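Each chain carries a letter (A, B and C) given by its place in the written order, and its residues are counted from 1.
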Amino acid sequence: MRMRRLAYPYVLWMAVFTVAPLMLVAFYALTAYDADGRLFFTLQGFRNVFATDNTVAFNLFGLADLLGFNLQVPIYINVLAKSLEIALISTVVCLLIGYPAAYILAKRSRARRGQSNFWLFLFIMPMWMNALLRTYAWLALLEPMGIVNTFLGYLGIGPFQFIYNDFGIGLGMVYNYLPFMVLPIHSVLVKISPSLIEAAEDLGADSTRTFLRVTFPLSLPGILSGINMVFMPAMTTFLIPDLLGGGRYLLIGNAIERQFMVSRDMTTGSALSILLMIFVLASMRILTKYEQESSEGGLLA
Amino acid sequence: MIARLGKNIYMILIFLFLYAPVAVLIVFSFNKTRSRAVWGGFTLEWYRKLFQNVDILRALQVTLIVAVVSALVSTVIATITCIGLNSLNRRLRSLIMNVTYIPNITPDLVTGVSLMLLFYFIGLKTGFATLLLAHIAFNIPYAILSISPKFRQLDRNLFEAALDLGCKPRQAIIRVILPEIMPGIVTALILTFTLSIDDFVISYFTAGNQVSTLAITIYSMARKSVNPQINALSTLMFLTVLVLLLLVNIRTTRDLRDKQNQGDLRK
Amino acid sequence: MKKVVLILLLLAVVVAATLSGCRSGDGKTILTVYNWGEYISRESDTIAWRGREYEIKDVIAEFEAAYPQYKVNYQTYDDNEKMYAKLDTESYDILVPSDYMVVRLIKEGRLQELDQSRLPNVKKYLDRRLDNLTYDSDQALSDKVSNYAVPYMYCTVGLLYNQEEITPINANDPTEVWDILFDPAMDSRIGMYSSMRESIGVALNYFGYSLNTLDSGELDQAKNLLIDQRKNVRPLVGIDELKDKYVSGELLAGVVWSGDHVVCQIRLEEAQEDPDKLQYVLPKGSNLSVDMLCVPQNAANPDGAHDFINFLYEPEIALINAVYVGYSTPHTEALKGLPAEIISNLSYYPDEETMQSLEIYYSSEAIDSTYDRIWQAILAN
């Protein structure tokens, strides 16, 4: 039928704006300009990423300090490891805080038969304020002479160093990405049929058992998509470490941003981007291996 | 009882966590001093200055234009594409859908960088045009993913029936299909508009130095001291959304109560 | 929710449409200025400084009023290297790079020679001592600098410390002066600049090495010192955001450009505190740096750029900027308007002898790439 023609313009668009850019990243990662401005093939970008002549001590989760070994790794491997460490911790914290919140919210919306998602609205509302600004407001709250420390000072406690360290960056990430964890879990939870839970209770399961055997397994798709939606931005952000890290943090996002915007080294920058992409895809692959075909659990489902 | 209290406390803590920075921003938009830690007295000065600040107003304008145009364009393209996709054979359709998924699983950073490289490669100077193109580009997949499920729910025979009854294909699309997929289109508009307003990373790489969105303006100020005028602007935007939400919420609640009352009467 | 967003969408259209009504500057030539952050007066205010009162104005607005044919597009950076990275893709009319970056840009053919006949104010008021500094190991190249660039402000790099908390440092031996930066007892109370040359430079100076060394042993020592500092002292790293933290007492000591020290003192005065709370020491062998106005080869509006440079050299404007920015002015007339304590302070306005004891950063391919590599390793820790 002639209708199918309507899809062709998009195919062209997709070729230009989805496929070509990614090919270009690969292309730039493998080429560089020589002194005369001619393009040539090179593996220098990847060599820079894995350069063994410029190494630092590897210390994932403080293991090196704990076990007392000294492993020298290429600097970018360390950067990737550090990013992974912070992203993983933030994702786990988001899940731990977010699941109960989603559960309570879901119970409330179900009690009101789905109408009045007022609490859910309240949950999304802050996202309408610019994320940068809200992150910046944490500075005002938590800096050594900020609002919280001043308040604690009146109580005779502190001051505490809340920001410019791992804790500050983690807090920024949890704060910014918590809704991405809560919303998909919530949208799965509200769809669980109450009769299933009633059935479980009729069959004699107590509420803990019902939760562990019925509710939790059914909410897994929401959890997985929540983890995806938190882990990916947490792994790649360069804003949060920029603002809350006191300028001392180079995570993979900052490293890539630096290569493009400061060092102007497109070859190394592209090589790093590819490395990051492979890394993120691989971790998501591991995660979603068990996930069934799911159209649910979307942000706005 | 105790469980319930626990739940309430938990939710209060979470909302405190979510709203603390928002409250700080709103309070400091009325603060006389520029400091972000000291209260220097109440003032509306920043609101007055905001409406004279050409840079911020221009950034707001760019942000809104890009958000509206990219939301509309990407939703229109997505709708047309979905109609077309629906009559493609299965293999081709799933191939296209798989490629459409790519931007969703690509980190924003890589998307931004790759689009920047694309514009650099084809020699397009970064500016308003590239910014808009980039926004449309990252919005289209989300629009398609919001609309295409509606086609899965659509009865294929509906369209055929319309044709049998003498509709031209165009009429059939407008009269029969569009109303059916309308909820998907609305979702697509909402989603793309929100994504575009919120975006920083992709804009940062594709906007160049002549145009600036609100997010970029804020980023360039954020490390030292954000101009309180920005706080004022965010407060205004936030309150607008809040008031709208409350109004709509009150109305739907009332509608629902009315309906319930009618139901009760009928009993 | 859906209705809300549809209403919002509509509202957005309305607001965007209203805003387009207030667009100004039609028919004017755009002048794109790319300058350091907080490096030109952008507000009208009265500044009290060492018992004197100065009326300052928004210099950009003054320029647009004096030259109504131009509309300024003003943008800022906080790092020479970040500014440099933008040059490939963007076009600017005015840049304000530091000396070594000017040399690099000249070498790469990115700057255009200035038409001195269009800069009468510069000819009249420029402190010629700055022209005679050695900006590169190659004297011929160093001499060329004045054809391409006009000094805007200059400063030295030294240690700022809070004398209420830290015992006064009466020395100019670099090891003694910088020692406090590497003292773990100062955990989280130290400020460092996020720029590459300043950070590595301080570490090199600490050991008494040249700021332009290529000796790998010396560089390694500097690198390890900075890496250890990041681990054990956890300094706060930034540029403009640090100034308020020295003023508030959050940071007790740090590396600063002399001009930032002046700014901090002015802010202390503003808060009715003793400006001398924050002291500044200039160690021997530290850096002298001159930020210069120049016009890129691909500038869209070189005429406007010349007018702009000349305007900045109007005595009244130069004084406003010198007061607002706090850095040392190369403008002989504006200098006379500054407080006497400032002009006589050798750390701000070094005499011949002090100038000789300082070192200017050089730029060469070897230096640029070696320092960048070290810097990456420091950042990645």
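To be clear about the criterion, contacts are C-beta pairs under 8 Å (C-beta built on N, C-alpha and C of every residue); 3 or more make two chains touch, one makes a residue touch a chain.
This structure is a prediction, so every number in the text was calculated from the model and none was measured.
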| item | value |
| --- | --- |
| Chain whose averaged C-alpha position falls nearest the assembly-wide average | A |
| Chain at maximum distance from chain C, centres defined as averaged CA atoms | B |
| Length of the line joining the C-alpha centres of chain A and chain C, rounded to whole Å | 36 |
| Inter-chain centre distance, chain A versus chain B - centres from mean C-alpha coordinates, in Å | 19 |
| Whole-Å gap between the CA centroids of chain B and chain C | 39 |
| Interface hub residues of chain A, defined as touching at least two other chains | 121, 143, 145, 260 |
| Residue numbers of chain C (touch at least two other chains) | 1, 86, 238, 248 |
| Residues of chain B whose C-beta touches two or more other chains | 37, 187, 190, 223, 241, 245 |
| Interfacial residue positions of chain A with respect to chain B in the complex | 1-11, 13-14, 16-22, 24-25, 28, 97, 100-101, 104-105, 115-116, 118-119, 121-123, 125-141, 143, 145-147, 150, 175, 178, 232-233, 235-239, 242-243, 253, 256-257, 260, 266, 269-270, 273, 276-277, 280-281, 284, 295, 298-300 |
| Chain C partner contacts - residues on chain B that touch it in the complex | 35, 37, 54, 57-58, 60-61, 64-65, 67-68, 71, 120, 126, 186-187, 189-190, 193-194, 208-210, 220, 223-225, 240-241, 244-245, 248 |
| Complex contact set, residues of chain C against chain A | 1, 79, 81-82, 84-86, 88, 188, 194, 227, 230, 234-238, 248-250, 372-373, 376-377, 379-381 |
| Contact set on chain C toward chain B in their complex | 1-9, 11-13, 15-16, 19-20, 22-24, 32, 34, 37-38, 73, 75-76, 78, 86, 89-90, 92, 238-241, 244, 248 |
| List of chain B residues in touch with chain A within their complex | 7, 10-11, 14-15, 17-22, 24-25, 28, 36-37, 77, 80-81, 83-88, 96, 99-100, 102-103, 105-111, 113-118, 121, 133, 137, 140-141, 144-146, 149, 169, 187, 190-191, 198, 200-201, 205, 214-215, 218-219, 222-223, 226, 230-231, 234, 237-238, 241-242, 245, 249, 252-253, 256 |
